[in-house]
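What follows are several structures.
Here come two complexes built around chain A, the first alongside chain B, the second alongside chain C.
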Partner chain A sequence: MAFQANLELLPNIAKITISGELDASVAPAFRERIEEAAEASPKRLVLVMNDLEYMSSAGLRVLVFAKQKMGAGIDIYVVGAQPQVVEPIRQTGFHHSVVMLDSYDAERIENV
Partner chain B sequence: MDRQVSAVIVDENAERRTRVSGHLIQRGYDVRVVSSAQAGLDALRQQPAQLVLMSVNVAGDDGVEALARIKANTNGDVASVIVMAAPSEMDKVITAIHRGADDYMLDPCSPELLDAQLAINLERKYMRDQQYARMRTVEKLAQCQRVGFTLNTALSTESNLEILLQNILRETMVLCNAGAGAVYTRSENDVLRMVAFLRRDEQNPMEFIALDSIPYPQVSMFDPDTGEAVKNNVIADVAHNAQTIAIDDIYESQDYDFSALIEFDRINNLRCQSCLVVPLMKDGSGHVMGVLQLFNAEDDQGRVVPFDSDSRLVAESLAMQAAVVINNHMLLQEREMLAKLENDIHIGRRIQSNFLPSYMPKVKGLEISARFRPAREVAGDFYDVFFMMNKRRVGFLIADVTDKGVGAALFMSLTRSLLRAFAMQTYNINWAESLFDDGPSGGRSGSSRLAISANALRTAVVNTNEYITEHHLELNMFATLFFGMLDPHSGSLMYINGGHCPPLVIGSNGIIKERLEPTGPAVGMFPGADFEIMETQLERGDFLLCYTDGVTDARDPSGKFYAETGLLNFIESAPLTTAQDLLDRLDLALRDHIREAVQFDDITMLALRRE
Partner chain C sequence: MADYETNSLVFPASKEYLGETLSQLRQYVTEVAERAGLEKATMHRLRLAIDEIATNIIVYGYADRGEGEIRVTTSIDDEFVTISLEDTGIPFDPTQREMPDNFDDPLEEREIGGLGIYLAINGVDDFRYERVGECNRNHFTVRR
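Right, the complex of A and B next:
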């Protein structure tokens, strides 16, 4: 499935829904969405990954970029990531930098 | 012809003047009447006419000069001259015809005969005008060819596309006598960007001024919201339909929205009127690469007129040239990019291969084997094997740097150098300390040596992480790595796994004894990150298999990953003999999996076996 990244700007929240396979060839598109999200200066970045089938280290690198771009005070939520996507995030220790949620918990996420 | 025929009567004979003009007016002609050759010339200068009826007596005297001047008009709009004479003046008629008169009329003559004669002459004039127009077109096309030739030669020296297009625009404007013009090129996302704009210099009409200070506008061919083709913009419409469009007065246009241009006029006190929009496409290709737009065609008197069919032909011919130029330029750019990419790959590959150990240290009781299969694009895998602790330990590491290309290769070399340097540095300090050790054996106790080893390992990784996060955090690059330090004598293995896929400890019976899971994050990701040291044991006959995710992420032609399960299945089924044999077989299994699919990532493997 082709990679897709859709940005949605809610009050105080930037929500990016990514799907398909995130590898080096499409990582720049994901990075652009992150940059657009950062421009809106949200208080929270939410990455919805329910339909993300694969993430290579290039994709992970964009997550690292997102963390750095948003700054320390902005929480990043990774929502609904499948095991094969969680694996590289955990393996590299990046799960310490983000909040990992199994499903979209509106109460918790949108209560900024 | 629907347009009113305009005639000038030049006659010193007042009675005939009135009679003939009355007849012509009755026939619907626009008639001006004068009594001298000079007045006739003045009248024609003010406004051209299709017909001149001239008394043979005027023609015979200073009229000869007037006749010559009427006929010498070079703008193609030459009036038909009919001399009027009495039957007794035939010799004068002959002279006049020699001097260029088109026909004669013997007076008095019947109105029917006059009508017939006028019709014949008008028809003849129409034919003559047509022929003249064709000649002029041929001439202009010949000129286009010359322009084309100079443009083609300019191609070899001028590589700036915008300057090239500006040159083409200038030539087109000269040939079409346009007051202003612009060129748009089409980008990959179907946006037409203005890349050149010229307008005639009012002070010096032979010169054109480029407008480069304004932000050049751009036109989307498709509505960004609805995705529908934009039709109300003439530039977008021409790009869609690949057809030339001429508009006599944009202020009157019903088809297109020119409000932006009209606003531009208002601010700059200009008046755009006629407009010609031509698609830029290669001959017969049908693919529109851009659009050429001309404004305000001027006639010889400097009045703004609609663009005629000649201009259209000329502009289309030059637009084809422009399309060829754009195409060549794109090919050139692609070639340059490709060359740069090849060069990148070449440099990256060289950096990478320079840093891979050219030989493996020979260690008693330990077999070490490595495989490195690079992807076509340079990725940042590397491995390293070296002695530590005065050859009492073997240090080895395998690492994977995110991203590809020269950047990744440089980052890889930096990481590798830092790790080695920090590992060696720690060792040297500790070795120096050991000289002053006052213990009874002159050496360290087992436990303090363990502490030193652990320290060496941790210092190398922590310092490397600190250096990278301090100096290169903005690169967002990181490396996953496994750094091990083995005592080949005892089989004791200390390691740090910085976010790397877990190496496998495999017993000689093929059973996987342990996965060496991460003990810290990837290196370069977090400032101040801590890396735990873990310890395990390699028994005699055990294998340690380290690999990068190029192994598990290897895809078959249908896109299926080899995955860790593929690796585990392989190990279960493979007969284990030596480290080299293990890697040979694994390499074969991977090749068998990938087959004709593209290998996207470096495949790197490092195997150790305690003998």
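Right, the complex of A and C next:
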């Protein structure tokens, strides 16, 4: 499935829903959405990954970029990631720096 | 032990068609994994490993001449599946690359180099590199 990244701006929150396969060829599109999100100066970045079927290290590098671009104080939530996406995040220790949620918990996520 | 299946295919390696080639390679690995009856998790790790090294070959290995080829050879025996990538790009031994070791550092302080190679080498049961003549050969082996 082709990669898609859609940005939605909620009060204080930037929510990006990514789907399909995230490899080095499409990572720049994800990075652009992050840049657009950062311009809105949100207090929280939420990445909804339920329909993300694949993520390589190119996706991990965009997560590092997001943290650097947004600032260390802005929490990044990773929501609904499938096991094959969670594994590289854990293997590289990225789960220490983002909040991993199994499903979209609106009360927790949107209460900023 | 005698191989009971070996086959070989050539994929184009050009930045222009990076997405198409990576997608075809992942599809290829999925089909091999299904034929060999690999567990889902093993299949995912093998796909990731091959995607990472193929990306390096296409983006860096052939950077000076813009395009080339990756020959992919698969052998399946009773115990193991081995997929090998062969290219004629600049010599590059992934096992000699310094591995990231800052896994506990906050994300904003992380070095981003070497993550793909780390995932590739650690995602399979055995990873081997050899330089043969003008060729780089990367061998990925998983237990069935």
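Convention: the second predicted complex is superposed on the first by the 112 of 112 C-alpha atoms of A that agree within 3 Å, B and C clash if a C-alpha of one lies under 4 Å from a C-alpha of the other, contacts with A are read in each partner's own complex, and residues count from 1 in each chain.
Operating definition for what follows: contacts are C-beta pairs under 8 Å (C-beta built on N, C-alpha and C of every residue); 3 or more make two chains touch, one makes a residue touch a chain.
Because the structure is predicted, anything quoted here is derived from the model rather than measured.
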Room on chain A for both chain B and chain C (clash or fit): clash
Contacts of A:S56 with chain B and chain C, given as first, second, both or neither: both
Touching partner for A:V78 - first (chain B), second (chain C), both, neither: neither
Comparison of chain B and chain C by chain A residues contacted: C
First (chain B), second (chain C), both or neither touched by A:F94: both
Contacts of A:V26 with chain B and chain C, given as first, second, both or neither: second
Identified clashing stretch of chain B versus chain C [20-28, 272-280 or 398-406]: 398-406
Chain A positions touched by chain B in one structure and by chain C in the second: 23-24, 54, 56-58, 60-61, 64, 68, 88, 91-94, 96-97
Chain A to chain C touching residues, read off their complex: 21, 23-26, 54, 56-58, 60-61, 63-64, 67-68, 71-72, 76, 83-84, 87-88, 91-94, 96-98
Contact footprint of chain A on chain C as seen in their complex: 18-19, 22-23, 26, 40-41, 44-45, 47-48, 51-52, 55, 59, 100, 103-108, 110, 112, 115-116, 118-119, 122
Residues of chain B defined as touching chain A within the complex: 400, 402-404, 473-474, 476-478, 480, 498-501, 518, 520-522, 525-526, 529, 549, 553, 561, 600-601
Parts of chain A lying in touch with chain B, wherever the complex brings them together: 23-24, 54, 56-58, 60-62, 64-65, 68, 88, 91-94, 96-97
